[in-house]
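Dropping the structures in below, format is structure tokens.
First chain A sits with chain B, and in the next complex the same chain sits with chain C.
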Partner chain A sequence: MATAPHDGFAQLVHAEWTKLRTVRGWLVGLLVAVVLTIGIGLLGPLGSQISCVHVDGGGCSAQSPPKGPDGREVVDDKTIVYRFLSGDGSITARLTDFDGEYAPTGDVQAGTVHGLQPWSKAGILIKDGIKPGSPYAAVLATGSHGVRMQYDYVHDLPGLAGPVSAATPRWLRLVRTGDVITGLNSADGAMWTAIGTVRLANLPHDLVIGVFAASPQYEVIKSSFGGTRSNGGPTTATGTFDRIALTGQTSGDWTVPPTYTGSGPDGQPLRPQGGDGPKAPTGAVQHGSDGFVITGSGNIAPMAVSEGSGKTVESALAGTFAGLIAVIVVAALTMTAEYRRGLIRTSLAASPRRGRLLAAKATVLGGASFVTGLAAAAIAVPSVTALEHHKGLYVFHASAGAQIRIVVGTAALLAVAAVLALAVGTIVRRGAAAVAAVIVVIVLPYILAVASVLPAGAAQWLTRLTPAAAFAVQQTVTSWPQVTAVYTPTNGYYPLSPWTGLAVLCLYAAVAYALAHRLLLRRDA
Partner chain B sequence: MSVCLDFTDFPDALHAEWTKLRTLAGTAWLLAAAVVLTVGLSAASAAGVTCDGAHCGEDPAKVGLLGVTLGQAVVAVLAVLAVGEEYGTGMIRVTFAAMPRREAVLAAKAVVVAGLTAAAGVPAVLGSALIALAVLPGNGFTAAHGYGPHLATAATARAVLGSVLYLVLVALLALGVTAMLRDSAAAVGTVLGLLYLFPIVAAVISNPDWHRHAEQIGPMQAGLTVQTTIDLAQQPLSPWQGIGVLAVWAFGALAVGAVVMRSRDA
Partner chain C sequence: MTSTSAPAQPPPPAIAVQGLRKRFGATAALDGMSFAVAFGTVTGFVGPNGAGKSTTMRVILGLDTPDEGRALIGGVPYAKLRRPLSHVGALLDAAAVQPGRSARNHLLWLAHSQGLGAKRVDEVIEASGLGSAIRRKAGGYSLGMRQRLGIAAAMLGDPPVLMLDEPFNGLDPEGIVWIRGCLRSLAAEGRAVLVSSHLMGELEDCADHLVVVGRGRVIADTAVAELIARSSGGRVVLRTAARAGATTALAGAGGTVAVTGPDTLTVDGLGAEEVVRVLSAAAVPFAEVSAHRASLEEAYMDLTRDSVEFRAAQNEAQNEAQNPAQNEGAA
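The block that comes next holds the complex of A and B.
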């Protein structure tokens, strides 16, 4: 911005920094922002406890979900009939019937009805051992999304559309060549189309190759004024396979899992480790000479974060609001206090180009707020996470990049909010009104959307259109199209991507700044 | 407001405060804004929320009076300005010179602000309730879905009356906090922080006991339980207990504010 060394902008910035630095209340305000942000963040784990309801009385560590190849939590719970494959080879199978069962009331004893879930799965897979969370590639039919090729939990490619029946069977094939796996499908076993070719890094020589079925929890998602709740129960999916053919060097006979009746030794339903609710009866039986009928429950998919199953990394930043309010007060005051004291006339006399004064204030405040936010978030995230680990709470995976993004994003959020507060303070020239207006537009929509007050649809729109959209920058969880879950702001899912959300706040700040600039030039001080 | 000439100074203080607040440029605008914003958000909520089955869990009073969560911010600003402006301009020194009993000044301000808030709160809350009563039956809030033949019940009347009381108590809380802090902007930040932060803190606390306590002591959540008309047994507080919690906050802030006002230089 400074075009020449003797241009006044640098001096203006220096003057504004001196004003900010020497008013004790303002520095205290920024310090309070840091302390409150960290303190409220720590309240979360301090006020939380782990509730282990494991039937076998095992420790809570037994409840941590398996992790996929990229470190994310996954659900890997299915019925699989498998053999071992050494080196290159392939598996082909025909799926002739696909049906399921679920309990609409969520209670299996109360009666079940036939039907598949949208993401019930039956198909073939190649996997690095049967350990939950290991890399895999699969071609599978789904309840209502046609044939898919899925691999390493998070990836999902579409194949043939339409349901499976005896009249419209689905032929599925997986071919392994080194680390490269190709998924194919066909309606008649003659005309094959490739769905995708993927590389699974570092696949070992020996792999599990087999046929599986799985069916995720039945979900009834209910949004109401008290928030969004999901009720559900276990489901099963049964796939009838024949014409199973393997090529390549295979060893051993088919390993068929024992039939599982859905109750433990004491008659109580068991809970699977993935936390996907009580499990339904599953198993596999031989079907003809080259087939199996496989009934599965569970899922092979990324895990959706839901309330109660653990803490997200961004929950460490719940105190951002307190910090935000403190920063808003300081930012609005730096302008309104000048009007109040009449200092604005001195400031404008010293800097007749009024736009520069506003720019200098915005630079100093934005910078100071950014540093405040950065310090608060950089301390809060690791310390709160450490406390959560210490208390035995499960903390969901977030990549290092995502953690850096939420810390820097929180700092940017405070900086942009400070500029917005400064601009609104310049427009209304009253501290109380400016502070109230900015707090209400940023914090109230968030409370209405997140603290379980509004139904899901309204909450989505609030976090899209209002400045509260900026809190998307703190999101570390991912919503998966191939997983049915409650993707609402309450559970940490925002409709906008992190930086788009922050851009919404930037847009509000830019408009307010432009208006403030215009009014500052036109009005008497 | 009539002023009876008494030899104690309270009616004079009352009259002085009424004149000051009445002639403050922003007061009328703020009162109008409180009514418009409350009714506007309530109407949007009543129009947008539907009950799509029996036991849908929607509380018609909470849906229809949602605007109170927005209107309280305006009411808080009004109350903050009633004290904060005087400290800001130095007028407070003149006031205290004329009225050395400072707690009488604060009490007079409290009466005037409470009266003005009630004057805005009644049309704001009644307007919201009337719109909700007209709109909600069309959105599935019917007898078939578990609501009474009429939504206007004794519980609804309590929610309406309680919401007006809620706004008045928020104004008194804001008045007390401003007397403590003696700065308008900081006071608004603190009051809105007190109101809005407790729900956020409660949301991150998963221990059921702590969560319940956070909901019981938060001035906004506790106070707004007065709007509950269904599932009363599941609330952490009964409606009037909730208003009681907010009253403790409000009068506690006023008491501390009075002490600070007395002991500090103006």
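The block that comes next holds the complex of A and C.
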């Protein structure tokens, strides 16, 4: 330090670090933050008791959903009529009718009605084998979102709008050239427009090419105090295709799945998937010389995470709020204790440039809280995930980048919250008031939003407008426009993107810091 | 020390307080406070509680902003000082420590803020006499130990100017003697020392100069030697077992006699030799005749006796002492 410039900022940072590390209670507070964050994260899987026997007796691994090309969990469950395509080629089909069936009460026994789900699908596809989760590209009509080109589960491009009927049929076409697949659509079979051209990496020479139908779960989402509930059940969609034409080198005959038309042992109609499905059978039947009527249930889409379906990686960080409280207490007290003891006068006499003192404190507390958060998250994520695996819980995929982001983001969340607490402590100069105020603006909205007590709308606004928005930095799940699900903070979905959410907290911290700076300069000590 | 004066002018005083005014609500805490503190002297800053001593010191350190006037350290405002603790060492409130932090670590962070190292900390600990107690938590310190810690902190930057607010508070006699000796030797090294007290007796044998304040302004600004000489007058102290005889004889010779103890009389208007002559002539026995030297306390009372402002301030302080709730603003 002897070579440092005199009265330099580095000296003040050094002094503030000495202050922080020489009060045992404060170091213990930061350690408690680490322990609480990890401990509460571990409590989640420790408290879970699941029986690991699948219906087929195969154990838990049988419950794992298929994974798409990027490692994400997907739903790949449809009725498909297909052949094999070797090398380049194309498929064209006309969809002349598209209808579905579902139980509006969620209970099939209580009666079903005709109608499509918003994302019911009927169309053509090219796929790398029939194995669930394999790469594909499709052009399809939907219940209420017009024609789309979708590929590899997560990608979705819009085509022609409007519903399908005999009067307004939809012509669909997919063209394969090497790894490149082009999707086209047409209202009359003469005027074709391209929806998109995509490259599917490493496509094999031989592909499945065919016609399919699928219809996702019927969802009734009820939002009220006490939380958001979703009720629903299986649905079916039936697409009527004709004018099916293939080009290129195709082999084999059409593989047509059997139709469940027979009766079960009890005389009741068989239901698809063995569940309480609609009475309409799934399957396909020939329609004229060049067509099929295909009835399908299920979906080809990314899987939305919901309660009970498994654990997200960020569930390992469920204890962050508790660690955050400990960090807030330490950060606020480092300032308010100086006011309480009159020590602030000694500090300001040693550093008459008051803005620098506040900046040095913010640097040290922000840095210490960052390291605290980094240690807590870097231990919690792998250890909790390992425990979840050990307990047979399913853990949803998160990319390495996303995992690093939630660990670093958690550290940043604690660091910025510490600066906010320091600023509020400087403004109010009372430890209890400062701690209470910061907990009320950041931890309380978070708990209200995730604890399933508020209607979804209120929870979303809380996580958009309050500093609790920063918890979005821990989100690894994605809300898909093309998948209907309960996208609430309770299920891990935040309205803002990770870094935007953190920016909301930064904004609050910056405003509080500016006010603290102003008051510190103006007030008598 | 930097100086902005022209070469012909004398160097600026260690501390210059110029026309400070400051109000806390309806109360004028400082009402035109002006004085200077010279290098090489211990200046006593005396007045009743609430006279504005602590506020003045806070203004000097740039902690409080005056409504009017300014305070300079060697001609420079405190806020402009670089590494301020090497210019001014201050002890404002010995209780201002973090209870959970050890005394040594308290000195260590303060040293780090000035770019000083642990070596300097150990030096001031050595001088403070705190010894092994320095590793204990400051929260467990007695007030006397905290005063020593505060002085050690003030000495960290080896500053030419020192400012201590009520350093005698709560000290045992040994501590008072230690601080007096400490202040004397600091002044002897050429430093300027400003030390406040609300009790004049504490500054006995310690202060060279006095700034007496009441109600936020200076009532007297004088050298201690001069003040005592003036108060002592030409009085003579006489010790005798025959008080009545002595009083009659001396009064007859034109002296004014006051009884100041069971066997002590104070005589005004007659010299010591004359007293001896009168008593011998009247055959009155006596044990001792000596010239009277006023105590600082007495001199202080003489000085303030006629000051209406001062008495008002003192009455106010007494009232406030009886009713501490009203004492907040100016304390």
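Heads up, the rule we're going with is that the second predicted complex is superposed on the first by the 490 of 525 C-alpha atoms of A that agree within 3 Å, B and C clash if a C-alpha of one lies under 4 Å from a C-alpha of the other, contacts with A are read in each partner's own complex, and residues count from 1 in each chain.
Rule of thumb we're sticking to: contacts are C-beta pairs under 8 Å (C-beta built on N, C-alpha and C of every residue); 3 or more make two chains touch, one makes a residue touch a chain.
The structure displayed is predicted, hence computed values, not measured ones.
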{"item": "Which of chain B and chain C A:524 touches, first, second, both or neither", "value": "second"}
{"item": "Partner chain in contact with A:136 - chain B first, chain C second, else both or neither", "value": "neither"}
{"item": "First (chain B), second (chain C), both or neither touched by A:14", "value": "second"}
{"item": "Contacts of A:471 with chain B and chain C, given as first, second, both or neither", "value": "neither"}
{"item": "Partner chain(s) touched by A:328 [first = chain B, second = chain C, both, neither]", "value": "first"}
{"item": "Chain B versus chain C as contact partner of A:439, first or second or both or neither", "value": "first"}
{"item": "Most chain A residues touched (candidates chain B, chain C)", "value": "B"}
{"item": "Contacts of A:350 with chain B and chain C, given as first, second, both or neither", "value": "second"}
{"item": "Touched partner set for A:25, first chain B, second chain C, both or neither", "value": "both"}
{"item": "Residues of chain A that lie at the interface with chain B and also at the interface with chain C", "value": "25"}
{"item": "Contacting residues of chain C [partner chain A, same complex]", "value": "58, 61-65, 78-85, 88, 90, 92-93, 95-102, 105-106, 108-110, 112-115, 117, 153"}
{"item": "Sites on chain B touched by chain A in the complex", "value": "26, 45, 48-49, 56-59, 62-63, 66, 69-70, 73-74, 76-77, 80-81, 84, 88-89, 183-189, 192-193, 196-197, 199-207, 210-211, 214"}
{"item": "Chain C-facing residues of chain A, complex", "value": "1-2, 4, 6-8, 11-12, 14-16, 18-19, 22-25, 337-338, 341-343, 345-353, 524-525"}
{"item": "In the complex, chain A residues that touch chain B", "value": "25, 29, 40, 43-44, 47-49, 222, 224-226, 307-308, 315, 318, 321-322, 325-326, 328-329, 332-333, 336, 340, 430-436, 439-440, 443-444, 446-448, 450-455, 457-458, 490"}
